[in-house]
Amino acid sequence: DITVGFSGVLSGPQGVLGQDQRDGFLLALEELGNKFGDQNVKVVIEDDQLKPDVGAQAIQKFLERDKVDAIVGLGFSNVLMAELRRIKDSGVVAIATNAGPGPVAGKLCAPNLFGLAWQNDTMSEAMGQYVQDLGHKNAYLMTSSYQAGKDKLNGFKRYFKGDVAKEVYTPLGQLDFSAEISALQAANPEALFVFYTGGTGVNFARQLRQAGIMGKTPVYSEGMIDSNTLVSLKSQADGNIYGATWAPVLNNPQSKKFVKAFEDKYGHTPSEYAANGYDAAYLLNTAVLKLNGDVSNREAFVKAVKQAGSEFPTVRGKFAFNTNNMPIQNLYAFKAVGQGDDVVVKQLATVFTDHQDAYVSECDMK
Amino acid sequence: MNSRSWMRLVLPVLFIVLAAIPFVAQVVDEPFYVTFFARVLIYALAACALNIVLGFAGLVSFGHAMFIGLGCYAVGILSHYGISNGWIQLFVCIAVCIVVAVLVGSVCLRTSGIGFIMITLAFSQMFYFLMVSLTPFGGDDGLNIYESSNFGWFELSGSSEVYWATWALLLMLALFLNRLRTSPFGMVLRATHINPRRVDAFGYSVFRIQLSAYVLSGVITGIAGFLLANLTAFAVPSYIAWHLSGELIVMIVIGGIGLVTGPIFGAIVFLVLEEVLKGWTTHWMLVMGPIITIIALAGRNQFAWLKAIFNRPSAAGPAIKTRPNGELP
Amino acid sequence: MLSIQNLAAKYGPSQALFDVDLDLNQGEVIGLIGRNGMGRTTAIKCLFGLLNPCGGSIRFEGTELAGLQPYRIGRMGISLVPEGRQIFPMLSVEENLIATASSSGGKPQWTLEKIYDVFPRLKERRTNMGNQLSGGEQQMLAIGRALMTNPRLLVLDEATEGLAPVVRAEIWKVLQRLKEQGLSMIVVDKNTKALLRLSDRNVILDKGVTVWRGSSPELAAQPELIARYVGV
Amino acid sequence: MNSSLFLSQLLNGLQLGVLLFLLSSGLTLIFGIMNFINLAHGSLYMVGAFVGAASYNASGSFLFSLFAAVAAAAIVGLVIEHLVARPLYRHDHLYQVLATFGLMMFFNELAIFIWGNRPYFVTIPEVISGSVEILGAPYPVYRLLIIVVGVLVAFGAWYLIQKTRFGMLVRAGTTHASMVSVLGANVDLLKKSLFMLGAGLAGLAGTLAGPILSVQSGMGDPVLILALVVIVVGGIGSIRGALLAAILIAVIDTLGRAYLPGILALVMAPAAANTVGSALASMLIYLLMAFVLAFKPQGLMVSAKR
Amino acid sequence: MSAPSLTVEGLVRYFGGLKATDEVSLQVRPGELHAIIGPNGAGKTTLINLLTGELASDAGRILIGDVDVSGQPVQQRVELGLLRSYQITSVFDSFTVRENICLAARRRRGVRLAVWKPLIRDLESMQVAERIMQQCQLVHVADEVAANLAYGQRRQLEIAMALAAEPRLLLLDEPMAGMSAAEGVAAIELLRSLKGQYTIVLVEHDMNAVFSLADRISVLVYGKIIATGTVDEIRAHPEVQKAYLGDDEDA
């Protein structure tokens, strides 16, 4: 039998993200008949409450109490960083379905830690590139002040060559942006790029609209628009352009299958977080199959997972692990388009194909 | 003080039971429980420390998480610069705590009652945001501690080392507090809570006495933080967030204010309950909340001899006044 | 008007009243006499429903008071000048007077002006907060406050406590006047002489038991009684 | 710096201040006057927000949603008063803190239980959703509306407590409940109604905040801390103090967030200025509180109590 | 020593507009019992608070012995042996009588680092405590919690604590307030037994007490001292009779 530990943020404003990863994972597992290969799978779930220390405890529980064979989820970047030491020491297969902080992609990369979702910077890099392609002269950047936030803006700037009007870092969890928005209005930039997730993102989007900026200034974002936030934003998201590795409109069989199954089970369209969770299950399944169900040897399991990266059926159509265990994948620009009271997502462009992250050279794994 | 009679029994029994835990965990092969109870004891240590100001002096510090934070970051930052010598870390931790406690304390003690509650909160919040902003030390994301405190002949490398260290410290503290309560210092300290004006009128300096109590409490809490850092191998601002300060208070009240072993029981009850409920349902707070409320409602009359202390209006701050003077019962 | 029969009361475990009897007719003044801790205040607490008696009955104009909410009792036209003044510290002197003022039907007999006439000192301190008054001023305020409810039965517990002799004399005069106006009163005071001059009949409490009842002249005629139960 | 921006920043501060005040006024009444620390006050705010949002999305009538929210909060308040507050009035603050801490947990989780932890959103009715130009600064009508409401409530509450018989009795009852009742006033009723009033105000704050902030479990906790800061800085039990402090704190906070990084950027590297600036900005109000308390331990406006 | 043990010169204290203490000057001789009487709100308690330093004076000097303590904090004055009892009883309710008294007795040596040995096992304090409890007839309730004492006893404890602190100068604010006649008499006896050992300033409305105990009396009216003198002088003083005593024959 195989025990898998899932840790992620399940409560609080960002709880939705964790829940989606969990739901996606469990959905896939269900499709696989609760088996990886011929092995029955037991899943233990921990809520890291978006607190690094709690996350670290969760991992400790997995390793010491539940003696898991693989860990999935690993929450936000800051939580992952806190868990890093234990994960490395343990050598257990760990699959991050949400975070891919720079250090983990670079200097601190570990053989047994896989970034299945993305390297943090990449979607922003895509947006940077896209804004660059559209030829905007300057851009105004905003995000929450935590590691991921900083990575995102760096990612954007890596590919955007125009000048940066201003970089604004707001405290994590801030909900009222009136002050920042007034300042933004005064600055009146050509383009606005923001990284705000979950409820924070929704708030920001709505306050942008209330202040009458949406429509005036083109808004590019990451994390702000996904099928969760669209539920609450509806037509208010209209016109928002965002970068992502996946969206329900993506056209490939696995993706279609996934979206259908997910909507049937949970009654709403899946987000990319759900997609990552879903992929994680199939990845593990493929790896376990390669080992004919024997995961007792951790090194072997790790190696198997790495190979499986380029073989498992992914909703993203095409996927592989880089030398630093980060994804090599396509990045797209999507647009939210209001239709009456409702909203749909349209695919604008494939900004990068088989994109590598910027840190791979720093990682000494081969 | 009826507590002293049963104290004789409770204390040894409690600590023997606690001493048994690691072995039990060994036997049932659940090393996790050592880690868990190490955490419990660390919080118990902090709660006991807080109880010096809160239980004896009636100074409700809503900012003690700050000292836990100081302890954690003393370890975190030093080891960040490759200094993992436990003695140096401990020294720095204590020194910093003393300095901060003296500075913060001498400002806070100008106020009393709710004023004190809030100003202590203010300082810990300031420290919180300071650490959040100090990106060199991880800011919001916290600081990994890659090597644990090394005391030469003994290193806080694993859960069980931390456990025993905490156990020993806690035992010493409990014995000490047990004496402190009735010692001249302790009596005057408690007197300051009943009627500071009167204590002043005897020529004791209420301020000095309260300050020394605050510093003592702060240092011990800091040491708890020191241990916590070694246990979780991590230092993060959320250790300083007001929720933790609140939980420490909750633990004390659960266990019984002013009782020496109270906070220890409080910590155990609170954290074990939390753990059990979490395992039981994701909506554990739905159960935990009411339980806490009920404890409060039930506990309010329980410690009659303490209520005598607590229901005295503090002459200084009107707001904290619990029973207005001279009200017909 | 009021009749208390073998009243008994406890503070938690410790019993303070065992058997207290007292009855008062319209327009009468009763002196409640005893040493410290003999249960006078306790009896009064029972009367006002601040302490639930564990035995006996308290009837005011036919209605049983035991078990009633204090405010109901208050609204029946009984008012109290409590031991230890119990001034409202967060209210100004004037607010202290009008906050609970009431006139049980008809035009009130006691108004701000009247009170200020009796206690000019209060008028000077009109805007002071309750806790910015000297002990004596607080005592005057307590009396004024009680009168402002225009009671039919007034209970005074150590009402002359901490007052200057002149004021004390003044208060006795006021009480005398009230009596002439037909107000019924129960008075507790350590100054037995003055008390006897005011009261019609007296009740002596000893260890929570009514040990003697009778008219003031009778009592005055028996100094040994007073010596025994009050001292001096 | 550009003046119309500054103006709209001021307005932002003012509007935040008003929200804070609505919350704090209730807290300061219950706390200062009935001497009861109610950590669940934030939960009442949350209840208001949720009920307001739900009833608006259901009925489509903004006024109705306001009413529903206030009523709901008041009723919850009444229940809390009866079950938790009343038994604890005469007891130490610690027990009150503990009890209401528990309530806080309970309500936060209950909200998740009922509405899930996907944030819950309300839109603003068309009429007040636009924005107007104030001296060249575009400003959302809705936020102006909030400011107006706040001012009205401020006056009403102050009048009620300082000038009416009800207010006197309440103030008296806080310190000498039994004496007040002896003199013929029903103290229980007084306290209940006051508690409901405070709860209602919190609910009002909640609904008004709903369309601006996302309505979600735990939304009450941070504002609760802010509200506590406000009432302490303002002087416990003083409505005027609460108003003053709320606005002061909100404006300082807003302006700090808006301008500190910029100002610091003049003296240090922009990146550093950014982090330090925003950190300092978030510390600012606590600095203010520590400062005020250190020099005026009773707060800016010492209430009638001493 | 003939130097007055307490000298007050031109002491002034305002409460807002109200001049609660108005140019008060006063000399208390060593060993005498000096009573201060006056109408309610005359400023007696205020004066006491100014002397102990719990209230700050707006003008004037206070000398204990020949040390100028004006503007000094409470502690300094206590060091010099100035102690008080309160108008409202303020003993430590949750402590036993013995603990209360030991606490007072300990004050000379302070409590720095005295964190181990129980207070009531502290020899020096113990002896003092025993002596005081004898003197104030509190022995039989030595281990009672103060909260359970009857009113009169609480007043006695109040005084006992002041005595235990080994004062040279004792300020008593209405020590007999709330005592019934009997307790009053007992208290008077206690004070008489203290006369001579301590210099005492007594504020009291109970004329029996004042007239039977006082060596000298000062009369305070509207914050001013209108007369100082022996019992008989004051009794005879017309203004005092008018302003304070009245035609009061039984108090």
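Chains here go by letter, A, B, C, D and E, matching the order in which they are written, and residues are numbered from 1 within each.
In this text, a contact is a pair of C-beta atoms (placed from the backbone, for glycine too) under 8 Å apart; a residue touches a chain by one contact, two chains touch by 3 or more.
All values reported here derive from a predicted model rather than from experimental measurement.
Asker: Hey, how far apart are chain C and chain E in touch steps, shortest way?
Answerer: 1
Asker: Going by the touch criterion stated earlier, list every chain that contacts chain A and also contacts chain E.
Answerer: B
Asker: If you average the Cα atoms per chain, which one ends up farthest from chain E?
Answerer: A
Asker: Comparing B-D against A-B, which pair counts more contacting C-beta pairs?
Answerer: The greater number of contacts lies at B-D.
Asker: As a quick test, compute the distance in whole Å between the mean CA positions of chain B and chain C.
Answerer: So the centroids are 50 Å from each other.
Asker: Taking each chain's centre as its mean C-alpha position, how far apart are chain D and chain E in Å?
Answerer: Comparing mean C-alpha positions, chain E is 48 Å from chain D.
Asker: Averaged over CA atoms, how far is the centre of chain A from the centre of chain D? Could you give it in whole Å?
Answerer: The answer is 36 Å.
Asker: CA centre of chain A versus CA centre of chain C: separation in Å?
Answerer: Roughly 77 Å, centre to centre.
Asker: Please list all residues of chain C that touch 2 or more other chains.
Answerer: 50, 82, 84, 86, 89
Asker: Would you pick out the residues of chain D that each touch at least 2 other chains?
Answerer: Within chain D, residues 112, 174-176, 178-179, 182, 237, 275, 278, 282, 305-306 contact more than one other chain.
Asker: Mind pulling the residue numbers of chain A that touch at least two other chains?
Answerer: If we look for residues of chain A contacting two or more partner chains, we find 11, 145, 171.
Asker: For the complex, which residues does chain B have touching chain D?
Answerer: Touch residues, chain B against chain D: 54, 60, 107, 110-112, 114-115, 117-119, 121-123, 125-126, 129-130, 132-135, 139, 242, 246, 249-250, 252-254, 257, 283-286, 288-297, 299-300, 307, 310-311, 317-324, 327-328.
Asker: How about chain D: which of its residues touch chain A in the complex?
Answerer: Those in contact with chain A are residues 2, 4-5, 8-9, 12-13, 15-16, 112, 117-121, 123-124, 129, 131, 137-138, 140, 142-143, 212-214, 216-219, 222, 254-255, 257-258, 261, 270-271, 274-275, 278, 282.
Asker: Using the touch definition from the top, list the residues of chain A that touch chain B in their complex.
Answerer: Going through chain A, the ones touching chain B are 10-11, 47, 51-53, 56-57, 60-61, 64-65, 77-78, 81-82, 84-86, 145-147, 171-172.
Asker: Residues of chain C touching chain E in their complex?
Answerer: 34-37, 83-84, 121, 125, 132-137, 139-140, 158, 161-170, 190-194, 230-232
Asker: Over in the complex, which chain D residues touch chain B? Could you list them?
Answerer: 31-32, 35, 37, 84, 87-88, 90-110, 112-113, 174-179, 182, 225, 228-229, 232, 236-237, 275-276, 278-280, 282-283, 286-287, 289-290, 293-294, 297-299, 305-306
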